[in-house]
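This is the structure, below, for whatever I ask next.
As written, the chain order gives the labels A, B, C and D, with residue 1 at the start of each chain.
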Amino acid sequence: MNGAAQNLIYAWDFDPSIVIGCIALLAAYAVAHRGDFAHAGWFVAGVVAMFLALVSPLDPLSDTYLFSAHMLQHLILVLIVPPLLLLGLSPRFVRAVLRVPALARIERMLGNAVVAWTIGMAMLWLWHAPYLYNATLADEGVHIFEHVCFLVSATIFWWPILAPVEEVRLAPMPAIIYLVTGALTNSILAILLTFARPGLYPAYLSPDDPLKILPMIRDSWGLTPALDQQLGGLLMWVPGGMVFLGAIVWVIARWYSTPEATVRVAPAN
Amino acid sequence: MQGVVTLNPFSPQAAAISHLFVAILLVLAGIFALVAALVIYASIRYRDRPGAPEASQEFGSRRLEIAWTLGPVLLLAVIFAFMVRAINASDPPIEDRQPDLRVIGHQWWWEVEYPKSGVVTANEIHIPIGTSMLVEVDAADVIHDFWVPELARKVDAIPGHVNHLWIRADTAGVYWGACAEFCGSEHAWMRMIVVAQPQADFDAWQSVQLTTPPIPVAGAQGQGAQLVKDETCLNCHAISGLPGNKRIGPDLTHIAGRRIIAAGATENTPENLYRWLKDPASIKPESHMPNFLLSDDNAHALVAYLETLN
Amino acid sequence: MSKSKLAVVLFILSEVVFFALLIVAYVYFHAYPGEGPTAANSLNAARTGVFSIFLFASSGTMALASRSYRVKSGAMLGWLIVTVVLGGIFLFGQAHEYMGLYASGVTANRSLFATTFFTLTGFHGLHVAVGLLAITVVAVLTASGSFGATERETEAFGSVEIYWHFVDAVWVVIFSIVYLWAFL
Amino acid sequence: MSDIVATDRIAPLEENPERAGFLSWVASVDHKQIGIMYLLSGLAFFGLGGLEALIIRVQLAMPGNHVVTPDTFNQLFSMHGTTMIFLVIMPVMAGLTAYVIPLMIGARDVAFPRLNALSFWVQLFGGVLLYFSFIAGGAPNAGWFSYAPLSEPAFSFNNGVTYWVLGLLGIGIGTLAGAINMIVTILKLRVPGMTIRRVPLFVWMTLVNSFLMVLALPVLNASLVMLAADRLLNAHIFTPAFGGSAILWQHYFWGFGHPEVYIMILPAFAIISEVIPVFAGKPIYGYEFVAGSTVAIAFLSFAVWAHHMFAVGLGHLFDLFFGISSMTIAVPTGIKIFNWTATLYKGRIRFTTAMKFAVSFLLMFTIGGLSGVSFAVVPLDWQLTDTYYLVAHLHYVLFGGSVFAILAGIYYWFPKMSGRLLNEHIGNWHFWLTFVGFNLTFLVQHLLGMMGMPRRVFTYPDWPGWMTLNMISTIGAFVLLLSVIVFLWNIMVSLKTGEIAGDNPWDAWTLEWATTSPPPPENFDLVPPVHGRRPLWDLKHPDRADELVAAAAGK
């Protein structure tokens, strides 16, 4: 293993704020669910995925070197972590929360399909505007704020689909249209990124090289800035689309598995 | 193009594709055999005949469904792995190297340039055996497609979007290629040949191409040379040594040395050249070569002159 | 959701895809313009902005008409007429802008910007005109006094209203991409 | 006896006798008459398209043939492609759905009868306008997808492509209106008791297919509008010489093109999902999985279009990702094929002509689907695209798939439409002629493509093996001609002297078989109650009704 690859493999940075945040999240879950750990597996998987995305070498790669790595990190934070967290919540806990009138009113407002969809998609488009994106690369604080925005807005976006409580969720047919239009918007943004000129985010054109891995990226991986941007756009487009497809198939499977209320109708003769 | 060209390659790139193709064909044939066997067995075994048991009303089994979902996914994953390997093998990266060859698709013929040596020819590409030549593929009017099945993959020639391709031949010989993207009336006769020859012959050929043929004065050839100027041939064609350098039609400086004329419509023999000059539509209808209504002896004179250009 | 409202929503879904493609073409040629006039040197965003306010206002008056239809307050005819007038003013503004562009030689084939601009805003103008026609029909029926009795007519009016709000929403997107983005 | 389940409460269609005869058809808004008119117009254009195919095959029978000039040949194959796709398969499928859907969901008519008539006539007008180009200077000659620089005014010598653009705009708008009408019908006019999860698969797949049309056809309309701007206002959107982009047209067209091929095959899946269970005597195997895989296919069809553009050289990354998504589509298609095959198991299969076509669809479509997977593998596409291997693939999927399913559907529903059964003996001749002719014509084209014969060439050099294979293909085409003649004869004979069908000749279980054949203008007086996915089966076998069996099996 030559020097550069080794530097990259050992480039884990256990940023205290992330470590404490994840532990706090798990602790809050344990307290809130008090022994009802049927769905805990999903929730833990979600937290682990978030932890890895933010701590593993993927983080330094995405902060300074590769737009595609940054895209992969954000795909995990938007399309993988929130669904897992939502699946991890137990219906009993959510019903308890919804009994609190203030929270119920917020849920009714934010949980409304159109609002949730718009929040999710607007946040996605907003943070890809070159002006804002370059700001996140320049300033770590803005970057953390961006990640929090993504996590929160994605959870809101996925709420009408994956909320553990039946009556809050969208009906199957509107849920499919919700996901299809979401996938369409995601794809259009991905198309624009894939076909945009290479210099859309100038920071990636000539990044400074603390880990001494730039030659490895440019030569052995063959990821020039143009290819890197195209790879980022394609990652958002096809794998992103596959996650939406998975969600649609999940909605259909869940719909067909719930038993049919047989409507008694008088016999013909 | 003799026999099943996509399955007997003459270059490593084409070989990578051909081996993958054979493997995939076997896998697909296997799957079809499985499905066909199931369908035919069920059709025969459960056909309606007197005394056959009542149809059993099954609704489906989740286990079986998961089986024939994961099965294809795993198979596709394997195919995907081979695909990635074959992509890199059949179309190696370019690494910003100067192209050895520029091929420009015109409506219904191929213009070939050797940027490094300055040779310009048409419909006939000479390459030394054993060395990979980087071809830059472009188009002058509509979308064409440069395809020599035995030597490499096909790549579109799109005006305004230059593509690159590695071409290589391991054994000497003449390899036929064709335009594979519909480009108008004579799309069928927009073929080219790639002549792979040892390095020595290639260098000899290249040096001949660079010479400027002398302009004959006496006899039929002289009369032909004069006709080339009078009959405005030079408004479309370029012959080095004569005024003008138009690239609307193919470059005729060394036409006698070529094997085919009219981009593959016929072989390059004096009789065919005569027939082509007398009535182009008889060989290649609707081609852009006009009919100059040449008299017989003018046509013979022109052919005599053109035969000197080798 | 009633039958005709569902039909209009589906029609709007298809129109969204139609306009999305025209906008992508505009954006593509904004990034890779050939030669000839471009958005920056031939559009007057301020003037079109003023006319756009009329169109957005017409969406508001349409909502008021719909409210007065629900409460049967009889003011619906008035609001419908105001909506038609506002829409008409917007169309006049568009026509005026087209005349100005033609006068200064910016025709559909002068440059890629011009082609995609005229295609995009032209089709939006067509949709506004069709919308005005539909609202006029509803206004005339209301004027004749028989409108609003049956449930089918409520559906019909609901569909026209959704369509009109859609036409305004499309103009918000087109205006920001064509006019504002040109000067950003 | 109470009126069990009243259908939608709109007033009965006004019946005025003096508009009988021809005018009653032209002015009709009854979904049954419009459906039959769709089928007849599709049949007529099938004849035209078939004629074009025959002339193409005769021209290609021998090398250096001079049956038609090159430009006429280009017009013929462009019109053959456009006609077969936009004027045969789509209208016939629209006709079958317009006729059968209201009956299957127990409705009196479609949601918007007048819109149904409008979409038929606009679509027919588009077709007639397209064919008017023959006598107005020349038909479109740039292929059924008219790639950009070639379809621009600079390179086309007749205004054929302008007729192509305007004709397709008409067809696009007509089909779009029809799709919206069908979605509202299915969602709003089902008889109470038939929840959306209990509709027959034909209805569910038509619903998904209509959504596909609503999202895909505007893509076509937008690209045609831009090509019209290029051709009529001499703009330069797609001409690279003036800054436009030829590749943008390919992206736009195939963004519609690939969903379009699924718009043509999903109704075929729908027909097969009805025909095979009925003649196997058992319910479709894995209803939920077939229904779910349809939605997956519809969704994926929007993410795969660039596999038509692997040779354009967009970059390995681009090709790789679209290779993955194109291969992924093979999974839901595979689920369907396996479920249909499993439906045959432990059944009691009655091999009527409809069933013969359905089972041969299974085999032929599998060949087409598998050769499709070979195109999803990028390096193979680099060698095989735009060759006769591709022509063989598309015909195995469109002819072996959609047309075989259409023929199965016609043999299945002809008794309901006309009250008489299509003759089974002649039908048997028709089937075997079609099967042999089809395979004779297109199986050899796989080999021709591998031997390097490019697509759309009006002739080819006299190389060893090429003439024999092309001659076999031409002979096959004539056998297909014979099969179509036998089919027309079967229809003529059966209309007059066919066996009387009665309400339910095939002992099927969907609602259209609960009314008379042909159904009265208001379709149903008494709609049987719907508790499961097979209403007539539950009526006929109350003890073995589906929901009891399902409950017993503790599904």
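Note that in this section a residue touches a chain if its C-beta (ideal position, glycine included) is under 8 Å from a C-beta of that chain, and two chains touch if they have at least 3 such contacts.
Please read these numbers as outputs of a predicted model, since none were measured by experiment.
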By the touch rule set out at the top, what is the minimum number of steps from chain A to chain D? 1
Looking only at C-beta pairs that count as contacts, which pair of chains has more of them, B-D or A-C? B-D
Work out the mean Cα position per chain and let me know which chain is farthest from chain B. C
Closest chain to the protein CA centroid? D
Find the geometric centre of each of chain A and chain C from their Cα atoms only, then give the gap between the two centres in Å, rounded to an integer. 35
So, what's the distance in Å between the C-alpha centres of chain B and chain A? 47
Starting from the mean Cα coordinates of chain B and chain C, work out the distance between those two points in Å. 51
Which residues belonging to chain A are in contact with no fewer than two other chains? none
Among chain B residues, those touching two or more other chains are none
Taking each residue of chain C in turn, which ones touch at least two of the other chains? 28
Every touching chain pair, please? A-C, A-D, B-D, C-D
In the complex, chain A residues that touch chain D: 173, 176, 180, 183-184, 187, 194, 227, 230-231, 234, 237-238, 241-242, 244-245, 248-249, 252-253, 255-256, 260, 262-263, 265-269
In the complex, chain D touches chain A at residues 1-2, 4-5, 187, 192-193, 195-198, 288, 291-292, 295-296, 299-300, 302-303, 315, 317-318, 321-322, 324-325, 328, 526-531, 539, 547
Chain B contact footprint on chain D (complex, rising order): 69-71, 74, 142-143, 147-150, 155, 240-241, 245-247, 280-283, 285-289, 311-313, 316, 319-320, 323-324, 327-328, 330-331, 334-335, 337-339, 341-342, 344-351, 359, 362-363, 366-367, 370-371, 373-374, 377-380, 382-387, 447, 450-452, 454-461, 463-465, 544, 546, 549-550, 553, 555
Quick one: in the complex, what on chain C touches chain A? 20, 24, 27-28, 31
Residues of chain D touching chain C in their complex? 111-112, 115, 176, 180-181, 183-184, 187-188, 214-215, 217-219, 221-223, 225-226, 229, 233-237, 242-245, 248, 252, 255
